[in-house]
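Shared chain: chain A. Partners: chain B in the first complex, chain C in the second.
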Partner chain A sequence: MSRYEKKFVKGNEAVAMAAIEAGVECYFGYPITPQSDIPEYLSRELPKRGGTFIQAESEIGAINMVLGASAAGMRAMTSSSGPGISLKQEGISYMSGSELPCVIVDVMRQGPGLGGIDASQADYHQATKGGGHGGYRIIVLAPNSVQEMYDLTMLAFDLSDQYRIPAMVLADSVLGQMKESIVPNQRPVAELPIKDWAVRGTGGAVQNVVKSLYLGDGEMEKFHWKMHARYQELADRDSRWEEYQTADAELIVTAFGCTSRIARTAVDMARSEGFKVGLMRPVTLFPFPKKAYRELSAKCKRWLTIELSTGQMVDDVRLSVFRDADVDFYGRPPGAGSLPTPEELFARIKNNFKDLMI
Partner chain B sequence: MRYDLFISGYGGQGVLLAGNLLSYGAIHEGKNVSFFPSYGVEKRGGAAMCTIVFSDGDTGSPVVGLPSVAIILNQLSWEKYASRVKQGGICLVNSSLVNMEDLVLDERELLAIPMNQISIDLGDVRMLNMVACGAYCEATGALAPESLKEALKNALPERNHRLIPANSKAIDAGVAAVSQLRKT
Partner chain C sequence: MKQVFAKPASLKDVQTHFCPGCHHGSFHRLVAEAMDRFGIAEQTIGCASVGCSVFLYAYFNIDVVESPHGRAPAVATGVKRARPDRIVFTYQGDGDLAAIGTSEIIHAANRGEKITVIFVNNTTYGMTGGQMAPTTMPGQITSTSPEGRNVDNDGKPFKMAELLSNLDGVAFSARVAVNNPKNVMQAKKAIKTAFRYQVENKGFAFIEALAACPTNWGMNPMAANERVGNEMIPYFPLGIFKNKENL
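What follows is the complex of A and B.
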């Protein structure tokens, strides 16, 4: 059977398969539900392809191994879930300060603290606003299917190398644990910059230094403005989103990740009963596709944001749309049995048309 | 056409294997599939449930509120999920373990199949999930039993491939049970 034939796999397996297809050279991680299938798969398959797999002593150990491997110019990744991702924040901050590329996969579970193992989207703020100290951002991609778990993991490696910014695939336990039929695409051809900054040992010819310490007069300020400009360039060139039935929509539902799948079926239900409803799904959460939201809100003034939390992305939606747009929010904070059904979302959609109905 | 169903029971009854088998069967027929499991942290005895959606086109939401079909393997699942089956839908119930007296299902077809008993008669109670899968094929016409038999190769690990003939028989027994029920 060919590598690129249709397969039936878990979201977590798709991430691991994509990492291998993307040419990952090093994986460092520590087990935690609901993402342990990723290290399980890579522990078996990565060494066969000459890569390095290490189960670290802790999540902090793992992210610092990623830092080291990336500094040496390797394609490196780690994966975890809430509690482990919190531990990794120090390393992510250091990598951001050192302009080191890497891929971090966060298969969100409930929190705070140990929380539980069911789906949550309550790590949106942590992922998109710079979860560690010092004022940085990372690229955040939000898949909504097992196919996208595969495709966006590959994209994360390339974007991270292009911009020298760590990239995160922000999934959740629904996407990690569910199985879908996918086509494991071939790695896309990308023109990537040469890693001439890497510390590889050049026998004394050129000395490269990878660090996040800037003590000289004005040095740190310059670094921040440089990164600021890079984040802007990222937003201009690589903001991604998907629109569904928005052209004539009188209400636009917006959601990311697994929630957007449930929302899409709710939109179909609404359409079949004559309600003009569309769906706007951000694929990049950082950069948040602000311009696309703004343009859509010039035509459509009714919005409904749906999240598995008490409301995080809704802040970005409200900041992006025109001020005269009305943004309703429907939240289902994480917990066993808290996943909304399409029927429940449809009921909320209808509620937004109440004043238009006789 | 888009098909959706719940399979629910307790850990150890083969809920997830049944879900995988139906999924692989649907893939065998060229469909797109979404299989969403949800189960307790226990390996056996906890609640186990999965939602399967398959379609020629987009599978849509992996979360289903009101399924067209539910395969119900134990009492708790009966109480939790039977009434969620859509009007016009089908409820396939393991009558060996479920007492159905307390609930009246209007406008839904109720198929009571003694899955434990049928699989015990075939030699191993663990095949009750295969009986359930065969019953699903016959009750809905959504998948051909032959596709499931083909899919056993994918759903079972290689070390268990020697069990494929026995499991195929259990699938046939499920088909026969439903066709018998509908005749009477």
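What follows is the complex of A and C.
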């Protein structure tokens, strides 16, 4: 059977398969539910292909091993969830400061604290606003299917290498644990810059130093403006989103990840009853596809943001749409039993049409 | 005229930022001499830590990656696993290795990572201004132990060379000093052995380097140097605690 034939796999498994297809050379991780299938799969498959798998002593150990392997020019990754991702923030900040690429998979669970293991989207702010110290951003990709768990993991490696910014695949326990049919696509051809900055111990005239310490007059400020420009370039070139039924929409529902799947069913229910409703799904959460939101809000003034939290992405939606657009919010804070039903979302959609129905 | 002494080629021809009487410079030199001895500078990757030791790249002619505080052994693990044919070492202070980085050092040692660790123990946090370290001596006054280290409150100083020698993953563990010519010669030999272990792919090698910190000890360089011999060595004995070749 060809490795590119259709398969029925778990989301976490798709991530691990994609990492191997993308040519990951080093994986360092630590067990935590609901993502442990990723290290389990890679501990089995990566060494067979000459790669390195280490179960680290801690999440901090794991992300710093990623830092070392990435500094040495390798494709390196780690994966975790909530409490583990919090521990990794130190390393993510250092990697951002050192312009090191890597892939971090966050299969979100509930919090704060130990929280629980059901689906959550309450780590949106942590992921998109720079979860560690110092004022940086990382690339954040939000899959909404097992197929996208696969495709976006591969994309994360390329984008991260392209921009020298860490990339995160922000999934959740629904996406990590559910099984769907996927086509394990071949790694796309990408022209990527040579990692001539890596520490290779090859001596010669050029000394390569990977560091984030800038003490000289104006050095740190210069670094920040350089990264700011890079984030802008990333936004201009690689913002991604998906629109569904937005052309004539009088209300646009917006949601990411697993919530967008439920929202899409609710949009179909609304359409079947004659409500002109569309769906806007950001695929890149950083860069947030601001321009696309702005353009859509030129025509459509009614918006409904749906999240598995008390409202985080809604801030970015409100900052992106034209000021005369009305942005409603419907959230279910994460917790066992808090996943909304399509009927529940449809009711909220209808509520937004009340004034038109009189 | 025959030249009998020279600056190691692995060191850059620059002034360091180290205070007068600080032993970092001597240890930098001994590490550089070991690199020269094996001709490995061009295949060596250094993992700098946080503290006075961060400027490794400013003084050595080698590739360097800066590590977060205490994490150098994890970073070195990543580098060495990525490039097993290279020589990888960490250079860390006592706050870095024996406080915030205990987890990373113990696990890297226990895995038997084929790296060399230079651990500079000067009984204080140098860069941040002389606070109490995990290696601060009982009764030693620091900026965060104004009445002297109280072992009932803070425990006794860690003896890292002995502690790590108990792990099966450790191939070589020694404690050295540079407070007199005899000790310098022994330190040079031990550091060379620690790098030879890696050159010969023999396993994890650890050097604890006792060092003076005159500035934060409030001493002149001579008095600080004497303190290493009079106070530190009696508590932190010099010697080789593990040598796989002799087992």
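Here is the rule we use: the second predicted complex is superposed on the first by the 356 of 358 C-alpha atoms of A that agree within 3 Å, B and C clash if a C-alpha of one lies under 4 Å from a C-alpha of the other, contacts with A are read in each partner's own complex, and residues count from 1 in each chain.
Going forward, contacts are C-beta pairs under 8 Å (C-beta built on N, C-alpha and C of every residue); 3 or more make two chains touch, one makes a residue touch a chain.
Quantities reported herein were computed from a predicted structural model and do not represent experimental measurements.
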Three-chain arrangement built on chain A, chain B and chain C clash or fit: fit
Which superposed partner A:E25 touches (first chain B, second chain C, both, neither): second
Contacts of A:V199 with chain B and chain C, given as first, second, both or neither: second
First, second, both or neither for A:Y150, with chain B first and chain C second: neither
Touched partner set for A:R264, first chain B, second chain C, both or neither: first
Contacts of A:Y293 with chain B and chain C, given as first, second, both or neither: neither
First (chain B), second (chain C), both or neither touched by A:Y244: neither
Inter-chain angle, chain B to chain C through the CA centre of chain A, in degrees rounded to a multiple of 10: 120
Minimum distance between Cα atoms of chain B and chain C in the superposition (Å): 29
Chain A residues contacted in one complex by chain B, in the other by chain C: none
Chain A to chain C touching residues, read off their complex: 25-26, 28, 52, 54, 56-58, 60-62, 64-74, 76, 90-91, 94, 98, 199-204, 207-213
Contact footprint of chain A on chain B as seen in their complex: 20, 23-24, 27, 31-38, 41, 59-66, 154
Residue ranges of chain A in contact with chain B within the complex: 6, 8, 117-118, 174, 177-181, 258, 261-262, 264-266, 268, 339-344
Chain C residues touching chain A - in the complex, by the definition given at the top: 41-45, 47-48, 54, 57, 61-68, 71, 74-83, 86-88, 103-104, 106-107, 111
